[in-house]
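Everything on this sheet refers to the single structure shown next.
Order as written gives the chain letters A, B and C; numbering starts at 1 within each chain.
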Amino acid sequence: MSAATAVLRRLRFSREVVLLGVLIALVVVMTLLDPLFLSPTTLLNTSRFFVEVGLMALGMTLIIITGGIDLSVGSNLGLVSVAVGFSYAAGLPLPLAILFGLVVGVAAGFFNSVFITFLDLHPLVVTLGTFALFQGLAYGLSNADAVSDFPAWFAYFGQAYLGPVPGQLILFVVAVAVVWVILSRTSFGRYVYAIGNNEEAARFSGVPIRRVKIALYSGTGLLVAMAAVIYTSRVYTARADTGLGLELGVISAVVLGGASIYGGSGTIGGTVLGVLIIATLQNGLILAGVPSTWQLFILGVLLLVAVFLNEFFRKSEE
Amino acid sequence: MSEARAPAERGGAGGVSLRRLLRRPEAPALVFLVVLVAAFTLANDRFLQVGNLESILASVAVLGVIALAVNQVILCGEIDISTGSMLGLCAVAAGAVATSAGGLLLPLLAGVAMGALAGAVNGFLVTVGRIPSIIVTLGMLYALRGVILLVTGGTWITGIPNETRVLGIGKVFGLGYPVIVLLLLFVVMELVSRHSTWGRNVFAVGGNRRAARFAGLPIDRVRFLAFVLVGVFVGIASVIYMGRAGSVQTNTGAGLELQVVAAVVIGGTSISGGRGSPLAALTGAVLIGVILNGLVLLGVPGIWQDAVLGGLILLAITTDVLRRRLVGDKA
Amino acid sequence: MTQPDETRAGGAATTEAATVFRLEDVTKRFGGVVAVEGVSFELRPGEVHALVGENGAGKSTLMKIVDGLYAPDEGTLWVGGEVVSFSSPRDAEAAGIAMIPQELDLFPELSVAENLFVGRKRPRTRWGGLDRDAMQEEARKRLDALGVSLDATSTVKRLSVANQQIVAIARALVGEARAVIMDEPTSSLTEREVRQLFGIIEDLTAGDVGVVYISHRLDEIFEISDRITVLRDGHHIKTAPASELDPEELVRLMVGRPLNELFTRSESSPGELALEVRGLTRGGEFEDVDLTLRRGEILGLAGLVGAGRTELAQSIFGIRPPDSGEILVDGEGARIRSPRAAMERGIFYVPEERRSQGLILPFSIKNNITLSILDRISRFGFVPRSERQTADRFAKELSIRGAKMSDPAGRLSGGNQQKVVVAKSLAREPNILLLDEPTRGIDVGAKSEIYRLMDDLAKEGKAILLISSELDEVLSMADRILVMREGRISGEFGREEATQENVMTAATGGRNPSNAEDPREEGSVDE
């Protein structure tokens, strides 16, 4: 055990505590850079941004715990956005269009799971293919166009407030609670950890592996679809490239939160903290006037650092 | 001594039977390519003219050169999805040198050096950092794109001197330089893959990593070199690209990494490693070029390209699995 | 336990230089379990030295030490007269020791010639590249020297197992091996291929290469080996020239103590048919198996490693569905395509490999025990608080000691780990319990607790299939014994008539003609 881990152990610092500390430190730094950062309105406003990534990260957490991965979430987001916008533009009543979008999102996730479970293909390659397929379908079906003339109430999803709190933040909190309960209190959650730690032993114990994986990828599709509706409402536009590059942020958040990329470990709390840290970082940089060109770079570096530290500490614990 | 020995192998010693050819990993893609070319020729007999074929090859030259190198990474059991951003970055380096110093050699060296550096970072993080290559190259994909934006400040690089653009638009005996470079590098990779220790070790490391470790192969070094090779080839490709495009934009290369992986996989190299060849990468690149070309001929709008690409990837990996199940391959 | 018969390597004293390698008083432990203790073993040039013993006797551990995979905790390894310390198989290879494991560490996508040269100095052309023609020439020469004509350019994965094995041997020779260790070399070979292999072994020894032959097949051992060493429970029992031993004595040395009842099995009163299997076949694993199992009965399934017992049980449990045949549970035909389906029919399987198949090592004891019953105890998908008590109940039945329910299973001793696996199966409350080597690698105390448990379960009317390679375990616990050999049922004995000898004979297909099966006659077929 390295000295660093020994110290952490003795001080009973779990990973989540460390993350919380990083988050607090970040907030302090950001506030020093720009005093307006810590005002409630600003904080609550920034929370809008991270809800979309956060919802997707919830599903991605479970997928990564089972040792899988889903690179297609960003493209799926764009596809759902297009599905909602363009079916509405084609004449479908908006509530039905939204429902249609949700169905498309779930179907896309299910499509992924078919290749992964029935054909036993590696999630990496399958979702690389669907990453292209979904994005392509989104472009093609939308003709690289955009839909913007939604009725006023559509903004409710992405821009409303319930009292002082943004609407989607409440949704996010509910979603976090639901997924957290599923992962830590239900047999389904137990199955997820079992599959991630030892899929063979899980099979010998009668765990319904196929069913769990189908539910995971389809469920993530549903979360992606919800995020898509919220995002489309927030920017009031439905476009195909909505989700471009989002998968990076989602995976980074999950890994930063402590999930091992090899599977078997991870928590919802950790993921939420990861999402918060990334969102704070991004938003803080924007507010401080740091050019947006830095952001991608930092995000990429952050992912690498996060994974490296993850495995480094994990190795020294063994 | 004892009597009964192994019966002679069917097919005769060293025989190159049709059956054996068909078993090669590139076979399905090659057959498909021939069929497709035949179909297009039937539809439009100008398809088979040298000029048209040459232009198809030229259009996939950049893709093909990079695919030849990524092929090696996939063969040894890893993956690299950072090549699109790498191309942009190498083009920026080469372009900057070209606009200031001119010539061909210096920009080429700049591009190759930048690529080798990026590739080395990838290789280092995978071998020493022990981070899965998918994560490393995913992170680098975005990190490098950020570097491009940082360095260029969002502005394009224009005014590439003609002497630098030679590799992109020059011709020799009617054959464009892109095609020549592509075929040359293909020959080089075939030689390396068959006749060099590193080339054969790549197959071993990807085919049975456990056995490779027990046989004492330098697994880390093999993989590191593969990533650096990608960087070098991307550097060369960046000069070709720059020649053809005449400028370097901030989103140069965006989305290319996907086409590269698609080319390698569709051409017949197995995504799990250990099986494939440079011919597979070349075939895959040409196949993609032909298919995209064909889509244009058929009047399919270009925005459907990604969908077709994704569909092809899924088709390729599915048929690979089904083929293995039918044949009962243990490998 | 009776005193082991410790005869030193027979014959006149040998000088160090005249041995290929020698292990002296070697001990190796894994966690708290002793794999081998105080074992000495020596291989001379040009000899075929057989290494025999039951599963868990320590044979493969011992050879893995020689091959550089493990370092001994105590004792020394001498190679060619000098003390050596290997840190990897590469070192062993450099010292002239080659191992041919059952899984054949070859590269399936590479050609025969390339497989011979991977990791070694390869012939080069003027240009510095690899000289493939020279490699193929060299490969052909080596194969010819073995008297075998294989196409050096063919891809290894297309070869039959027998030919792949030859490639592995040729690879060892290219590495200038002085010792070749073969682990169960004939388990996938036909009669004809075995002949061929023996011819090759004779050629090897004529070249002063020493061969260690690890096998369960006694007839082969007596045919091919010069000396035989017997290990039992990690200890060296005896080493003697093959001419001085006979199969019956060998069995006795392997199995050890005279048959003391380890446990007194209660009088059994078998009830109705719980499980019936008719003509069950799965290509390459088992063929045409008929089996009946009644409630209240313990059916022992004996046989050698590779006989197909585990595959049969796993097929009944739905891990790998059979190609043909029927399974009937409680008289009704059952289509079992997954473990869940089997569990729904009241069948549960306790796997042979507890660490990789039976347990989720990072999970707590509690979570391991309840994993298979989560669907039963959950309310609306939620895991109830009573889970703790449920797990406690079953843990108590197995008297798991010295560990808390929240401890991760990975930290437990072998005995406790096995108890957790058994507790998990009990929690499911199956009617039909398939136990695969349930007492392997655990101490005597834990063993007898498991025997008592099995006895109780049978008295309660459960049907139990006991797969075990420990003869005395099978003989004392089983009401009836089925013996499998090479995928088929080769014998059936009632409790009274079963003896060590006739069970072993049925398992090895030895000299007893009435029980022996015909050896398969197919030729070596390449794809």
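Heads up, the rule we're going with is that contacts are C-beta pairs under 8 Å (C-beta built on N, C-alpha and C of every residue); 3 or more make two chains touch, one makes a residue touch a chain.
Quantities reported herein were computed from a predicted structural model and do not represent experimental measurements.
**Q** Is the C-beta contact count larger for B-C or for A-B?
**A** A-B
**Q** Let me check something: if the centre of a chain is the mean of its CA atoms, which chain is farthest from subunit A?
**A** C
**Q** In whole angstrom, how far does the Cα centroid of subunit A sit from the Cα centroid of subunit C?
**A** From the centre of subunit A to the centre of subunit C is 46 Å.
**Q** Between subunit B and subunit C, what is the separation of their C-alpha centroids in Å?
**A** One centre to the other, that is 45 Å.
**Q** Which whole number of Å gives the spacing of the CA centres of subunit A and subunit B?
**A** Chain centroid spacing, subunit A to subunit B, equals 31 Å.
**Q** So which stretches of subunit A touch two or more other chains?
**A** Nothing qualifies.
**Q** Using the touch definition up top, name the residues of subunit A that touch subunit B in the complex.
**A** Residues 69, 71, 115, 119-122, 124-126, 128-137, 139-140, 143-144, 245, 248, 251-252, 255, 261-262, 293-301, 303-304, 307-308, 311 of subunit A touch subunit B in their complex.
**Q** Can you name the residues of subunit B that touch subunit A in the complex?
**A** Interface residues on the subunit B side: 79, 81, 125, 129-132, 134-136, 138-147, 149-150, 153-154, 258, 261-262, 265, 271-272, 301, 303-311, 313-314, 317-318, 321-322.
**Q** Please output the residues of subunit B touching subunit C within their complex, sorted ascending.
**A** 1-15, 23, 191, 194-197, 200-201, 203-204, 207-208, 210-212, 214-217, 274-275, 329-331
**Q** Subunit C touches which residues of subunit A in the complex?
**A** 185-188, 190-191, 193-194, 197-198, 200-208, 264-265
**Q** So in the complex, the part of subunit C that touches subunit A is made up of which residues?
**A** 319, 339-340, 342-343, 349, 351, 356-363, 367, 371-372, 374-375, 378, 381-383, 424
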